[in-house]
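Pasting the structures here.
You will see two complexes here that share subunit A, one where it goes with subunit B and one where it goes with subunit C.
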Partner chain A sequence: MRLGDPPPLSARPAPLGRADGAGHARGKTRRAGPLSGERLSPFVLMAPAVLVIVLFRLWPLLLGVNFSLTGDGDRNGVAVGLDNYVELFADPLFLGSLRNVGWLVLLLPVAVAIPGLLATFIHLRVPGHRFHRSVYFFPAVLSPVIVGSIFNLLLAFDGPLNRVLGVLGLGPVDWLGDSHVAMFTVVGVHVWATFGMALVVFLSGFATLDPALLDAARSDGATLAQVIRHVIVPGLSRTIQFVSVTTMIGMLTSMFGLIYVMTSGGPGGSTYLPEYYIWIQQGQMNRPAFASAASTVLFLVMLIVGLAQVSFLRRTGRED
Partner chain B sequence: MRGARISRWLIAAPMALLALATIYPLLFTANAAMKTRRDYVLDRFSLADTLRWDNVATAWTGAGTARYFLNSVIAVSGAVALLLLFGSMAGFALSHLRFRGSRALLLGCLAALFVPFQVIMVPLVRTMADTGLVDTYPGLVLAYVAQFLPFTVYLMASYYSAIPAELVDAARIDGNTTYGVYLRIMLPLGRPALLSVGLLNALFCWNDVLIALLMMPSAEHRTLMVGVTSLRGQYSADIPTFASGVLIAALPVLAVYLFFQRRIADAVTAGSTKG
Partner chain C sequence: MKQRALWSVAVAATLALTGCGSATGTSSSDGTSGRLVVWDWKSGDKTATAYVEKAKADFAKKHPGVTVEFVAQPFDQYYTLLGAAIQAGKGPDVMMFNGGGQIRDRVDALVPIDGFVAPDKQRLTGWDAFTKGGKVYGAPVTLQGYPIYFNKTLYRKAGLDPQRPAATWAGFAADCAAITKATGASCFALGNKEGVGIQFFLSAFGSGILTPQEYDSWVAGQRDWTSPHVKQVFQLWKDVSDRGLNSKGANSTTMFTDAFGIFQSGKATNIIGLMSDIGHWKDFNEFLGPDNVGVMKSPVITEGTTPSLPFDGGVGYAVAKWTKDPALAADLVRSLTSTEPLTSFYADAGAVVSDTTVQTSDGGAAISAIVADLKTGKPALHVALSSKTIELMGRLSQQILEGTVSVDDALKQLGESDRS
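After this line comes the complex of A and B, so read on.
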């Protein structure tokens, strides 16, 4: 919750610039001519940030949508209407990447429940909780490239994990070479690498939970499952909402490194996600306009998934 | 009471196993880096007999890792410096100055927070190419600044909004201009936040691979993470050298983590409780 030492952070962005004394900032004693340096100072201070954000983040969004309606190669710059989108939805690779997004949405509850449960245990002061907290968080600061490279070693067909399974009498699994398994392997590694991030967020949510509630439930003889169901889940509904949305965004936008290092989209295109598809079309196929169409679809998918999630979680939150 | 204690240990055992599963992959890689090729092929699990640094040396010099390392340091330090400067300036203006359009600017900043890089990368790279910024350090630095600035502005603004207005007023009465207030009040008081946000941004930039791949196509401009991805093809039969390269790329992050673990975790949750 804290970013550093005092002054403490406010919990909401709303009071920015307003709450702390109306207009205290505009120097009343200074010259306030329309062109004086003092009067322009807020704009001077804002200028670099505004320029960078508008030029390199907001403007490209508009440019991209516009761009997706033009052609590539011979038809460069020519308006082609929705041709790119029609081609996109006929491409089995792209459809496969959307199907994988569907899998991610289905796996989301697992990816949220694991850190949630672990945070619960840590909050209830399981022996060694400090050690766990710092160990679990560590992979979250490693690059997907490093994580992917390490797991390339561990998951190789003749690698350590299959050796261990062999000793236990379980057949070797082709973790990255079997098209039915590879996507789940990559998602599993992603969860391994990021659950610490969600865990830390959950722990900061627990800090806002009234300890008296937990004590009361305990002294009433509630089981762990009951405590989770009736105290923790309702008490942390905002945190759960936040973690699910950010985990979903993370799955859709930060698995590029893992896919690039571990599978390159293979085998047989089975581990494509939209972000990897966009990169291939832009970087390898040199089809930027077509890639822009895929970007626009990804943006819409994220918007829909995000909004659906928020409304779903709001509804379940109200029932409690 | 005793029942509760036993069940706590029952939970602690699998959690300890999970902790082991969390660090073991890195230990395995470090161990592999210390082995000879022959040792690794014969037995992957046994401990390396001595600390053997030749693989690390090969990865550092032979594979061009030293150059990639330098490229990453240049890009990350440039980006973090600009992020902190622009972020603290805008954060100060948004939290303590009243001016026309401040609300709209804050909302624009929040909107930008929710535009993922994947969605804008094609037109962005095109714009960068049109302005001759592709394959240059300023181009990569600018791409990183654009990517992480909304988040930086946002965190700095919420940190600064907790600094009392009286302090700013007092500084003005002492004769400071707005810029004086920024330099003498906001920068010194903002140090804890600047450190946390700076660390987080440094990690993000250091760990990035997609932006670097797009912005720095030529081999001598590769960042370390892009370099690591190319190591794999280069040393596919020489796992210890490959593992050494991975280790070199992970070590700075490990060092930062050991020193600043608490701050990083705090910065992550500061973003979360308000995101």
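After this line comes the complex of A and C, so read on.
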């Protein structure tokens, strides 16, 4: 690029033009030395980003890990080695919260299929599709606390849903008070509250789908199921992957509000997630170091899930 | 693309940092003698305005040059925020605490105030909940107790005499059955979603099941979780539920405030409520009428027991270790527990205050009964437990109601937690 003399001058006219005599002289010496502005500029440009990451991400992370190796209460500040981790993995409550993370991973296909299917209907222009589109998106703008409160009322033992079930002759279900049901209830509400965003992503994915393919399938007499299976799913594979990743992240990181409002981790600790566990240990039990240990484990879990998804994405990306 | 991501990280981090800064920055004190910062979760309430104003005025008389700043924190975040302040070693000079486990777990961050509050020892009651290892770390503002409230209207509808509630468990259960038959109201309004129902239950009925010796040694820390009487408390918790005496869906009903709502709407005959804050005599008076709210002590469930009102110091103020002048901060605590402000707090919020000289004769039958029972009252059983055991008990109580954990297994776990 820069072969002749003029480019350096013309590339940086402003500092030279604005600088006074002294500045001019400094500029000259800088350019002459080994640490010339030319060589420094990439570092200077990188510095804010690197500093921000190191100062606000990596350093606190290391502090947290270090803190998790100390004790609480009487042993405050004393190095205790891996005691916190040993206790953590002996606590059935924490193991239960990790098991619930496993449930979230298993429920992911459902959480992706629902917006995918509804987007398909909208794309295929079912009657009232414009209306449906806005209605489906509406819950996405509500805060989890509001959503949780609404569903607390709807799902109460003597609430409207159970009354409807009663009219149909079905026994009442304690949606939030039965440990076998509560986790699925909360996940269901979470999916209801957040699928609007995934739906929008799916709809934009449909925009890239070749309508000629759909028309061809239809004129060949394909059923709806066959259209979905052989045209829509292959055509939207990238969109499906993207929605899977974002939905998983959403389920792992933003369920706290719902759990806090809807079940408080109950009944019997059956709806604990690691986040909630950390909050209880830090806020209610006054055990910050122990909570740090739980945070470190949660970080590792997220790292594994995240890396697995990235590698999955990369692999399927290469196929394209 | 990557650059943009980094920038958004930078912006988010900056926002988070300034966010944290504003949460603690404005309220943290440099500890100079000219200014005292108080953290609590009450001073923002309308019903506490007069209380805070009067306490400030009382303090200003003694220390005209010192400004006092109240920072009302949201209660659900209170101990999280306080934990961060304690971790940082700086924060408010004076702070509010719940008596019992919440303050005892944090005495490392507090100054013993025995020497400063000695003149108030007689006038105020409820000190035990703010005491650890023989040292007083906080002065009680309110008393918190767990009376059994009952709806007199329902008693009358069933043809029972509300002036004479049953004194034995058999009689109590028979009354409940009669009322349910006549009115359809369940015996108890129970909310155990937060795991609080069992705490109230243990304390309200404990004095009717445990012998006085067992009761006193429990409070003193000698807890025998294998004793037949302790088992009976938890067995009763299960039996009451199995026999359908509780309002439905207890595990998905909040004590605060759905269960109180069930009682207030006349759908349940009894509820174990509170003495101060919410779910107390004043709330119930408003809904049911002062003449229709009754208070009873636990019926006698095992022979040879003397039921008493379980109560402790409710909330109180303590002095932080890092304050520059503990004597000054303790003086503020004394102002916050002086008679005139506490009288306002009783009148406005309906709190049963720690000051035994505050007149309560105008509040109706329920408050009169509570105040009369204070003399023979004893510390509540659950307040003696650590927050860890309390939390475990909450979860186990839900599992007992569900039938997924047996009473014996629950007691075994609780005993282990209590010993560790």
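Just so it is clear, the second predicted complex is superposed on the first by the 248 of 320 C-alpha atoms of A that agree within 3 Å, B and C clash if a C-alpha of one lies under 4 Å from a C-alpha of the other, contacts with A are read in each partner's own complex, and residues count from 1 in each chain.
Rule of thumb we're sticking to: a contact is a pair of C-beta atoms (placed from the backbone, for glycine too) under 8 Å apart; a residue touches a chain by one contact, two chains touch by 3 or more.
Keep in mind that this is a model prediction, so the values were computed, not measured.
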Practice item. Pick one for A:Met285: touches subunit B only (first), subunit C only (second), both, or neither. Key: second
Revision key, fill the gap. Per residue count on subunit A, the busier partner among subunit B and subunit C is B
Review point. Which of the two partners, first being subunit B and second being subunit C, lies in contact with A:Val52: first, second, both, or neither?
Key: both
Review point. Just subunit B (first), just subunit C (second), both, or neither: which does A:Val261 touch?
Key: first
Practice item. For A:Leu142, decide between first (touching subunit B), second (touching subunit C), both and neither. Key: first
Review point. A:Leu176 contacts which: subunit B (first), subunit C (second), both, neither?
Key: second
Exercise for review: Could you look at A:Gln309 and tell me whether it touches subunit B, subunit C, both or neither (first, second, both, neither)?
Suggested key: neither
Practice item. Tell me which partner A:Ile150 touches in the superposition: subunit B (first), subunit C (second), both or neither. Key: first
Exercise for review: Go through the superposed model and pick first if A:Asn76 touches only subunit B, second if only subunit C, both, or neither.
Suggested key: second
Practice item. For A:Ser237, select first, second, both or neither according to whether it touches subunit B, subunit C, the two together, or no partner. Key: neither
Exercise for review: Find the residues of subunit A that appear in the contact set with subunit B and again in the contact set with subunit C.
Suggested key: 48-49, 52-53, 56-57, 279, 282-283, 288
**Study point:** subunit A residues touching subunit C - in the complex, by the definition given at the top
**Key:** 48-49, 52-53, 56-57, 73, 76, 93, 155-158, 172, 174-179, 263-264, 266-269, 279-280, 282-286, 288
**Study point:** Interfacial residue positions of subunit B with respect to subunit A in the complex
**Key:** 7-9, 11-12, 15-16, 18-19, 21-23, 25-26, 28-29, 32, 44-45, 85-87, 89-90, 92-99, 102-103, 105-106, 108-112, 115-127, 142-143, 145-147, 149-150, 153-155, 157-159, 161-166, 168-169, 172-173, 177-179, 182, 189, 191-193, 195-197, 203, 206-210, 213-214, 225, 228-229, 231-232, 239, 242-243, 246, 249-250, 253, 256-257, 261, 263-270, 272-275
Review point. Subunit B touches which residues of subunit A in the complex?
Key: 1-5, 7-13, 15-27, 29-30, 37-38, 41-43, 45-46, 48-50, 52-61, 63-64, 67, 118, 121, 124-128, 131-132, 134-146, 149-154, 159-160, 163, 192, 196-197, 200-201, 203-204, 224, 242-243, 246, 249, 252-253, 256-257, 260-261, 274-275, 278-279, 282-283, 288, 291-292, 295-296, 298-299, 302
Practice item. Sort out for me which residues of subunit C touch subunit A in the complex. Key: 3, 6-7, 9-10, 13, 16-17, 77, 79-80, 83, 87, 105-106, 108, 193-195, 248-253, 258, 387-388, 391, 394-396, 398-399, 401-402, 404-405
